[in-house]
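First, the structure itself, so that you have it in front of you.
Per-chain residue numbering starts at 1, and chain names A, B, C and D are given in the order in which the chains are listed.
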Amino acid sequence: MIIVNAEVTQLIELGSSIFLIKVRCPEIAREASPGQFCNIRVSESNFPLLRRPFSICDVDGDYLYFMFNVLGEGTTILSHKKIGETLDILGPLGQGFNFEGDYEAAVFVAGGLGAAPFPFLTRMLPQTKKLFTFVGGRSSSDVITYGMKNEIISTDDGSKGFKGNVVELLEANRKILEESKIKVFACGPTPMLRAVKEFCMKYSYNCEISVESAMACGFGICQGCPIEALDKEGYYLVCKDGPVFDIKKVAL
Amino acid sequence: MTDGNLKNSQDIDLSVQIGSLRLKNPVMLASGTVGYGNEISNLTDLNKIGAIVTKSVSLKPRKGNPPQRIVETASGMLNAIGLANVGVEEFIKTKIPFLKQFDTNIICNIAASSIDEYVECTRILSPEEIIKAFEINISCPNVKEGGLIFGHDLKAVAEITRRVKGATDKPVIIKLSPNVPDIAGYAKVVSEEGGDAVSAINTLVGTSFNIYTRKPKLFNVTGGLSGPAVKPVALAKVLEIKRRVNIPIIGIGGIMNWQDAAEFMIVGASAIEIGTVNFINPNAGVEIAEGLEGYCRKMKISRISDLTGSYVI
Amino acid sequence: MTDGNLKNSQDIDLSVQIGSLRLKNPVMLASGTVGYGNEISNLTDLNKIGAIVTKSVSLKPRKGNPPQRIVETASGMLNAIGLANVGVEEFIKTKIPFLKQFDTNIICNIAASSIDEYVECTRILSPEEIIKAFEINISCPNVKEGGLIFGHDLKAVAEITRRVKGATDKPVIIKLSPNVPDIAGYAKVVSEEGGDAVSAINTLVGTSFNIYTRKPKLFNVTGGLSGPAVKPVALAKVLEIKRRVNIPIIGIGGIMNWQDAAEFMIVGASAIEIGTVNFINPNAGVEIAEGLEGYCRKMKISRISDLTGSYVI
Amino acid sequence: MIIVNAEVTQLIELGSSIFLIKVRCPEIAREASPGQFCNIRVSESNFPLLRRPFSICDVDGDYLYFMFNVLGEGTTILSHKKIGETLDILGPLGQGFNFEGDYEAAVFVAGGLGAAPFPFLTRMLPQTKKLFTFVGGRSSSDVITYGMKNEIISTDDGSKGFKGNVVELLEANRKILEESKIKVFACGPTPMLRAVKEFCMKYSYNCEISVESAMACGFGICQGCPIEALDKEGYYLVCKDGPVFDIKKVAL
């Protein structure tokens, strides 16, 4: 965990108000693991006041990539950054995906901007593992497949790939899933995560999900990001104990 | 103020005194904004800080409020953590040992839902020799029994001060609520009852709603407002106390940099606490201490304590 | 809320009722932030505004405080104008005739240094038929006798309400101070004494100092904090009143756009006043009224008055 | 008085953190007169909250020029504006210089950034009037002569022109001033204006000064910008009754 003023080297618009920003940041790149995030200060002024958390989308040598959706003040400012400007980045933060261990096939499930952490995870996944990637979106324009491999796509309106949500897509592909011992890695809007959880519980698949929460500090000092724990009294902190959790550990 | 004849950097004395407590510099980390010091110690050098005020601890552990606990506002933030804390026992067992390693002062902040609980916590913690003082939180707006009921009741403040002082021989700082018209009246009671200092301000009560769901953004409905937005109010409260009561004041509220810290000392603060800024710049405390030293040199102030209450009105 | 079956734009009813006073829309221009309407009428269409609250007027003219009267703060500003105003006589002679031309409601805000003065001003102005209601400023923090002394005294608020009501048969709105822990208690007194509505909030007391001269930036030392910085506090005050007292509330504090206005209505405001934003965007009032209409259409609300207090907690 | 979103067409750095910004704004250019100012919103966010007042430096056809000194948040943001961006400008505001009327020679006295309003006044001054321009600064780098004519210069440190302040420079040039019926127009820091006032009182020269004040609205609704009146009870408003005043009307 460190704070770095990283130089912006590239800003790509991937789709309707979806951007990919590339920064040179060897210190964080060296330590980062898939599923972790950074807390980024988008402005030196008091407005917006708080840092903004973003998943580490990918790491390539000394470079970090973040994928973001223009939502409000903070992401708007971020989308106006110029090449050569610096970005105040705190990271890497939190617990990432546990993708080692005893399973044969990794199943990625990404909904909308939930695609963000998967390019890095795809890159780091051991060659020994098979990989299935399921990507869902409202319609084709929301389907983000940047940095992913042989993805299977669904859209709610059927404008691209399978017509239906990404969990219905999983159901429809149960056969391939049954062929090997799988572990599911999911990131996306909470309703999707709930459905994925239900699906994995039903078939007792191992599953890790990356969740979101309002955050202030991003590294455990403000207690601002609780998520209800299932395996103990009280709460976990999304920023410190997460953002990636085993589905059995947290209530959604 | 002393018109300094400063020979060299050694000459500037940044130390300040609060009752019998001496700090190497006036910069303190505010309760609830640095946990128990462990996480932030990766990002700043706590040995360069005047004091660390630990997260409010209560007799029994509290899990705190369900999400959402924080909301950003214009140049500020609302929090309704709900005094999530490990409780006195765990605090002594696991938190204190970790804090021992740092060359700074540990001030233990206590929250309670009854006057007896304040006294009991103090009594249990007082023997812990790394605890150099107590800050009594009578002004948490985020739990029904968070003390705010006491914070707006002069008699209760008097009794809490008297009885907590009776339970320890260490300095006792009473943390005041800003949500009153006459904060000086509360400071007066604290000084009359033998309190060593007051800290001001805790957060202002605020709220924020989602206009599409018409639901409050915070589970707790209301929360405490902090950050630069509240600085002008906090400065006015410190000035009001300084002008009417003779008691050391710890200034808190929206401090982002050394300029803000100097402003608080000028209106009357003997030391300052920084909260929200720790979330944005975890090294702020060190930078503020360094900035204050540079300011003293520029202004030819040899002892920073001379800055306290040096306003020209 | 009515689940609207909206045929077309005509269908949305933006009008609101405050006591016997009906406004074409809930947007009012706050006292002291539009003078007497003349300058701002060059930059916006006052006919599209629900009401204009005139600058606080006192029995005799007041020249106000020497400079500096305003300071910018983080997402806010401090003002210490000192109730500079032309006095009742001149107000009637030159200001009222100008205001006659606009198709909106004129609400006359009165400030005074004694209860008798409030009553006297009301008595003199009551016959002026373009004045549709009175807003009584008992909460100006910027002059010794600016009313804040009354604003923090339940008995005084009761007497002011009763006697001002006795001096006019027009609606009387009492403008409350936010610098108290229990604003609902004050609203309760106003309603018990027959007040028609309360407006909340006036400004929070704040200050700002120059760290090089160590002098206050405001001649008056302290001033009133307004702007986006105070919005969370203002919302909490309005909500507190709404939950405890049955009286129409005019919501004020940091409103910059229609989203903020909707938020105030959701927590309990029947109408809203905008102040500081007029300095930055003099056409904000019209834009907010239009924005609220669009919001109602999107949310399928046929009568905006249904939004008042529609929070889901 | 009007609010316009004007396009930034040029941004020139005149000297150490002194900038000239050019915007296309026919509506205001048409109405503006020398000595008036505009109140400019430098950011759409709430930070900084208030508009910032700037003298109209010059008007050239459809274009307005503002000269500014980078001081804090607001002017820093202004100095980072890009060509093609728009600026939210409220103006023209206040009472400008009264440069018509019965005098033979105009005497401009500018201290530091007080030079701002003179390019426009120089341009508009009737051919029938003689013109003397006196410009002062701490040292040569502070001396701004942009858009002025045959200026006579003083610097406190003597690094350029006459050594001394601009009022001492006036004294030194009394002879030329005495040759014709003059009117003095001054803008600069308050201490300079006080000295100019004293000088003009002493020799009973007509004199108008442009003063500054903290401002919120800039057009008379907030009462935030008082200046003590000498010819009546109470105060004038700098934004509405000024910023240009006859020296006999205001206390400095």
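Some notes on this structure:
Methods note: a residue touches a chain if its C-beta (ideal position, glycine included) is under 8 Å from a C-beta of that chain, and two chains touch if they have at least 3 such contacts.
The structure displayed is predicted, hence computed values, not measured ones.
Among the other chains, A has the CA centre that is most remote from the centre of subunit C.
Averaging C-alpha coordinates per chain places the centre of subunit A 46 Å away from that of subunit C. Separation between the centroids of subunit A and subunit B, computed from CA atoms only, is 37 Å.
Between the CA-based centres of subunit A and subunit D the separation comes to 55 Å, rounded to the whole angstrom. Contact of a single residue of subunit C with at least two other chains is seen at positions 74-76, 227-228. Shown for subunit D are the residues in touch with two or more other chains, namely 46-47.
If you sketch which chains touch which, every chain touches every other chain without exception. Partner subunit C is touched in their complex by these residues of subunit A: 46-47. Contacts from subunit B toward subunit A in the complex involve residues 32-35, 39-40, 42-43, 55, 63-72, 74-77, 79, 81, 84, 227-228, 256, 276, 278-283.
Against subunit C, in their complex, subunit B makes its touches with residues 73-76, 78, 152, 177, 179-182, 204-209, 211-216, 221-223, 225, 227-233, 235-236, 239, 254, 259, 262-263, 266-267, 295, 299, 310-313. The part of subunit C that touches subunit A in the complex is made up of residues 74-75.
Against subunit C, the residues of subunit D that register as touching in their complex are 1-3, 41, 46-51, 90, 213-228, 233-235, 240.
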